[in-house]
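Labels for the chains are A, B, C and D, by order of writing; each one numbers its residues from 1.
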Amino acid sequence: MFDKFHEECAVVGVHGHPEAANMVYLGLYALQHRGQESSGIVSSDGDVLISHRQMGLVADVFKEDIIKNLQGASAIGHNRYSTSGQTDIKNAQPFVVEYADGPIAVSHNGNLVNANELRQQLEESGSIFQSTSDTEVIVHLIATSKEKTLTDRVVDALHRVKGSYSLVFLTTHTMIAARDPLGFRPLIVGRFRGEGERDAWVAASETCVLDLIEAEYVREVEPGEVLVFSRGGMESLKPFPEATPARCIFESIYFARPDSNVYGHSVYQYRKELGRQLARESHIDADIVTPVPDSGVPAAIGYAEQSGIPLDLALIRNHYVGRTFIEPQQHIRNFGVKIKLNAMREVLQGKRVVVVDDSIVRGTTSQKIIRMLREAGAAEVHVRISSPPTISPCYYGIDTPTHKELIASVHSVDGIRSFIGADSLAYLSREGLYTFFKGNDAGYCDACFTANYPVLADDNGKTPQLHLFEAVSRR
Amino acid sequence: MFDKFHEECAVVGVHGHPEAANMVYLGLYALQHRGQESSGIVSSDGDVLISHRQMGLVADVFKEDIIKNLQGASAIGHNRYSTSGQTDIKNAQPFVVEYADGPIAVSHNGNLVNANELRQQLEESGSIFQSTSDTEVIVHLIATSKEKTLTDRVVDALHRVKGSYSLVFLTTHTMIAARDPLGFRPLIVGRFRGEGERDAWVAASETCVLDLIEAEYVREVEPGEVLVFSRGGMESLKPFPEATPARCIFESIYFARPDSNVYGHSVYQYRKELGRQLARESHIDADIVTPVPDSGVPAAIGYAEQSGIPLDLALIRNHYVGRTFIEPQQHIRNFGVKIKLNAMREVLQGKRVVVVDDSIVRGTTSQKIIRMLREAGAAEVHVRISSPPTISPCYYGIDTPTHKELIASVHSVDGIRSFIGADSLAYLSREGLYTFFKGNDAGYCDACFTANYPVLADDNGKTPQLHLFEAVSRR
Amino acid sequence: MFDKFHEECAVVGVHGHPEAANMVYLGLYALQHRGQESSGIVSSDGDVLISHRQMGLVADVFKEDIIKNLQGASAIGHNRYSTSGQTDIKNAQPFVVEYADGPIAVSHNGNLVNANELRQQLEESGSIFQSTSDTEVIVHLIATSKEKTLTDRVVDALHRVKGSYSLVFLTTHTMIAARDPLGFRPLIVGRFRGEGERDAWVAASETCVLDLIEAEYVREVEPGEVLVFSRGGMESLKPFPEATPARCIFESIYFARPDSNVYGHSVYQYRKELGRQLARESHIDADIVTPVPDSGVPAAIGYAEQSGIPLDLALIRNHYVGRTFIEPQQHIRNFGVKIKLNAMREVLQGKRVVVVDDSIVRGTTSQKIIRMLREAGAAEVHVRISSPPTISPCYYGIDTPTHKELIASVHSVDGIRSFIGADSLAYLSREGLYTFFKGNDAGYCDACFTANYPVLADDNGKTPQLHLFEAVSRR
Amino acid sequence: MFDKFHEECAVVGVHGHPEAANMVYLGLYALQHRGQESSGIVSSDGDVLISHRQMGLVADVFKEDIIKNLQGASAIGHNRYSTSGQTDIKNAQPFVVEYADGPIAVSHNGNLVNANELRQQLEESGSIFQSTSDTEVIVHLIATSKEKTLTDRVVDALHRVKGSYSLVFLTTHTMIAARDPLGFRPLIVGRFRGEGERDAWVAASETCVLDLIEAEYVREVEPGEVLVFSRGGMESLKPFPEATPARCIFESIYFARPDSNVYGHSVYQYRKELGRQLARESHIDADIVTPVPDSGVPAAIGYAEQSGIPLDLALIRNHYVGRTFIEPQQHIRNFGVKIKLNAMREVLQGKRVVVVDDSIVRGTTSQKIIRMLREAGAAEVHVRISSPPTISPCYYGIDTPTHKELIASVHSVDGIRSFIGADSLAYLSREGLYTFFKGNDAGYCDACFTANYPVLADDNGKTPQLHLFEAVSRR
């Protein structure tokens, strides 16, 4: 509803825990912000895989009897936010199939930039496809691999795909977590300490999962690492040559939960620091600093602290808002924003206001918010964005508009200011993003700000692609 | 609920009709008796296949907006009755996938007796499976075939499978109907005459479909025949060597709707003739002839006519009965039968009654019915069955109990009589089945009465098998 | 869907049985033919009344947990078929309220012809109404009665209403069954014999309920009788002066289940006798007699027996048909009938056919059936109706069309014959209806055939009315 | 889920607007925080009332077709939070009935302390009741009033009830808003300015409704005022003698949305002032001030500003949390709180923390939060509550626990501190509540802090009562 980039998926896996499916369920609950269209869990009772996938939020998809039915000591789960309208249950994950060595399930966060070529090759060799998801390509590569063991087949398959992936696989006895060589999407590993017994293990997109289920944070799954969880515990493989990572910086800026620790850093502290840096880079005299809730709050606190301008909440968010409304036919101005945000005259009347937000994508929401602020009495509205202008789409698992729709791709900062109706507008510098890391920008992907894409579709330097398969069939 | 063999599936296809999906829907409606667990339709709009499958009856699965969404001039459909409790939506048909030449859908009635071997071979070559249905095996064989055209791939695949199949395939432009070389399961072809334009074509399990949608009956799809429907009309291929057919005689005895014409004969007239022959073979003095409704009615009319004993309805059937009930905890005798049938004292009091039914499987329902008749005043109860004793399970697409559960497999006719509590019991002779065909028994499978199985699992004479794949996963 | 009169309601009550709600549920199941729009049960656990009412069929409305929740040793139930499109859950029964003496529930089959006047009077005294049902009027009369005991209040209320009612009331300790002084609608009483303990009692619209739940038939509740069931057993009151009853003859002709015993007679035997009498009154030379299934079957058997013309089934009914269909936009002739009935050429070709049905209301279905029979080869079609022409609407609880829509009200028999396209048409005489009762027509209401209405709206001879209240609100 | 008092209801009404039901729907959306169990709207099309009520949230209860069906230029709505587990749809509002003058609907926020006596009197006069809601009592009083006009009947009825009520009535042509003489619950009136035509009017629990639908705030409905909206516009009646009002102060402290203006004051500014006053009254040396989100945020901002201690967010709230969870069987400490809140070590490690919350009811949630903060590294935890200790239940429409469950009713402040495990605990003084009003405490009800109840059940000084009617029946 808001004008934001969208994270596409959450993955969770738990191995060796007596309530594995319940733990995965709680993990998906904690990661609901990463995908709201479908949710699924597959568990292993040591004999068969048991699955439940459904369109809807975690709280609606899983009921007591369903969780009870997902028996066994290992389970993986997935939340999905679908891009391009292909909201078919067939694309819901975890994806489950049977191949020569038995059943296998997989949860995937990311996007394969060579999925189209691989699918064509596989189909030419006789493979059949039942979904439009690039995840099915990975499973076919595992099934058709000439290797013998599960681990070797997985590694073999991963060598053939390009792009971004944080993956969790489940077979009847083994769980495997894998992250692409550049580590585009986050993936962490945690542990339940066994009391005199075996430890149980957790793999998840974000650390907030561990906080909820009271597991201990071990570390990031490293870029290019493959972790194999079995009765023997956790084994680490590094089948890829080392490379400079390309961790998505937008996870830290916006996607991840503020209470998560991503890439080894507190997201909340990072966002506060972006706010402080923003105040250093583009100070302005004003009466109050106010965030666009909820994502703008940490940066606004940082901005207020650094600038000395008092923080106040001029915009109140209604958290009961669902995903759709019945709009009146008669025009209500700014309705789409008003249903979620209300601007308070008592706070704004006659004030010079600094509004802090994390990003501007199309500019449409910003325009409406600024109009609301002015109508509620703001004397001046100065917009401060805690990241650089977003000029280029993402091909690594984030739902972004096309170039043309990205306002910063077609307009100057002053053009944007004029469009959204602000008195002044300033973005954080690219360098500002890395202040918190002591200025070290190595190891991050910021292609959405720079158009420098770390992985291309092929060796000829072709731009990466989205895996937009034609629908086989529609429901 | 009743103690009967169960037909497992219905197939329908319509090609070249502006309301193809609506016609298939009506066809599935007419064939609801062949499968009540799930229903599905796939249509082609010339560009993509569009599908809807769901657990439930046809009337519940398809609503106006769903049928509207199933656009295009070709469509195929399927009703399924699942055996062995694998009631997963993944097994619902039509089955749809994408392979090298694009999307393909298939509806299948029958059972492949070598499915296990084929699946193992395919998995060893890298195929992945998503269902436990043998139909997925056929699709993999098509996808991995070395042939070039759709028709050649289909024929190639059919040469590798053994067992029973009446199949309808759909691609974006072509519909193919195919029947196994021995023609176990029925399949007929019909036509809508085009007015100065192209004809439209129908393939379906039974002719009652044609009556409802007002298409013209053309003929049976012959055993071993492959019919290809495209813009050029209907083309017939006969890729298999000729063989004596093995059409399922139980279709004529019980499965098919009485108003269908199966294998070129009126089902209703055949059943009346079985009743007449039964009267000839095992007459008894009695006051009334009464059917077990609804399936016993035509044979009872024939029996009454031939014997001269008046027909009367002593058992009334409640047609509002659903599939499940809430039973009282306190014992009600014969409850399972009483919820569907009621015996009328006014008709039965002091009467010698001939009860005509089409078959006895386990004997449990017959026992309860006879007890009800006696409690309602019947002086004598003589049971007459319009087919021979069922002594052996079916491996060709019918849901039958195991040998041990078939009462005629473990008991003599007198033992059965004693178990069900009848004063006398007589079955039709095997020869009696063929009186209507002038005694000619060539061309029919009656393995359930004789244990003579026309197709074996392999060339070593091994008994055929059911395709009971292990579940990949359960929902 | 068929062109028939419709029964509006079923009532059941069970008192003193440990599984009262389950027994009522089974009773409603057996009476599903009397109402298919909503169903409800109210039980008493001796302390409070517990209720569940819902739109839908009995099998869909009641699930195991719902029945379990309906605790207690007494319960009443209701099936409703709504007239005039007021399908509001508020009108679903049993109706439950609290008045000065505590909670009371009521199930009603019938129609009060002075409901409008009574409602107006009650509202003027301050009563508020929540439904558009005339049953709420009865409850208000009980609540505002000056009498002291429940029984006296009920009797007082019944003295103020006019029209037809078979009622079952439930309070926390007492069940009351009451039938209007003329006994328009049926109501019977049955008993479970207690083993050394108290008997349990059943009141129900039809005896088929007793057969299913294995209770013993005691007798009709007599016209004008009020039966009070309490710990002391059953007590009978007769608070009305004796009058010639006016039992609805159409119950015997069409509404009741054939296996029920209505007004002391077997419905099935009565209908067979109507067929025999019809054959006596209007014989014709023909090759076969065939019923319109299912309601025409008993009369067709009687007709065939009497006439000596063989019975055959030319029309096959599909019992899987639901309440709605998705019709093709392209014209299919007779579609509305074809979805339920199919005419068999093998039976009809070249034959002179006598078609037996129980009634013709608008004539539209008959017209389509006759067209189907001719298209399937019938040489001649002779229609025989086992009741007189229906010329006048019912105001006593039956859903009938208006005068204008009743074909026999505006056309002569020959006009009807011409409209439906038959070669000949004959109805049963009014006298023929009473042959089975030795010609004694006293005690029956046949106003739909004669327009002789036994109860008028007021003493000035005004025609009776339907209780068509304006909707308070719509959902 | 959190340990808070609960507001029981929201009311909205719109009169004279072409999209009345859509506007009421939006109003209910904005007031979802006041009731989440059921929602309903009744509209008038000038002829009949049209209603839809259902269990669930506003977004789930109303779909496009339902809103479309709620035609007409006037509509009222209601959100309900049910107390005492009586979650019957019969108690959902608006309540609709028909009485002598036609249909009437009513939405009620409040509690009648003499409902039991009135109900008994009404039943003794012959009234029947269908719900357990005290709102039905009001409707009966209107229906049985001897007055002639709607307004007179309403005023007559209101003179007989005691307790709290903000009411909106709807008939086919008139809307009436009424507030009890002491004005316990809030109720405001707004206006859509007509362009050359009639104005449209809004009555609602809070002003945030007006912001969303872009209506203009007119004023509070005054305590004891009755507003009649008809074609003639708005007419004000004051049928009660003037009295010192008793506006619920807890609305300003916690219930109302922060962006609402309640009793003429900005809720957000009031809560910030409570925080400032709290800092004045009970300063402590600390490193950060952190709110318990979301309700503690404004007071925390005020506290931080006044104290000079920096504001930081140590507790992150997950807003995707639904109403129920599947809890693991193995113990997870503080699970009930953790699913909603996470404490951040990066913010807390080694810090002395001031935690600001608005109230403590049972103390259980506070205990868990403090444990979480310490486990995340907090060196000291000082709890500051922006209202006085809650020592006494509310009888005026708020869901509060009993005396015994209110921790401040049975424990000293130090006892509470010890129970929740804080290093220090301070509450705001009663005087502090009124600082913002220049110390003027006249006109507010703070019985929950003082046990001074402004309205008693009868003239003998009996404590007020909750309207806990026995259930007539349960679903």
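As a working rule, a residue touches a chain if its C-beta (ideal position, glycine included) is under 8 Å from a C-beta of that chain, and two chains touch if they have at least 3 such contacts.
Only a predicted model underlies this, so the values are computations on that prediction, with no experimental measurement involved.
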| item | value |
| --- | --- |
| Chains touching both subunit A and subunit B, listed by label | none |
| Most remote chain, CA-based centroid, reference being subunit A | C |
| Rounded Å distance between subunit A and subunit D, as computed from the means of their C-alpha atoms | 37 |
| Distance between the centres, which are taken as Cα means, of subunit D and subunit C, whole angstrom | 50 |
| Gap in Å, rounded to a whole number, between the CA centres of subunit C and subunit A | 62 |
| Junction residues of subunit D, two or more chains touched | none |
| Full enumeration of touching chain pairs | A-B, A-D, B-C, C-D |
| Subunit B residues touching subunit C - in the complex, by the definition given at the top | 18-19, 22-23, 25-26, 29-30, 32-33, 36, 57-60, 62-64, 67, 208, 211-214, 257-259, 261, 266, 268-269, 294, 297-298, 301, 305, 310-313, 316, 318-330, 332-333, 338-339, 342-344, 346-347 |
| In the complex with subunit A, residue positions of subunit B that touch it | 42, 48-52, 69, 96-100, 103, 105, 123-130, 139-140, 143-145, 470-475 |
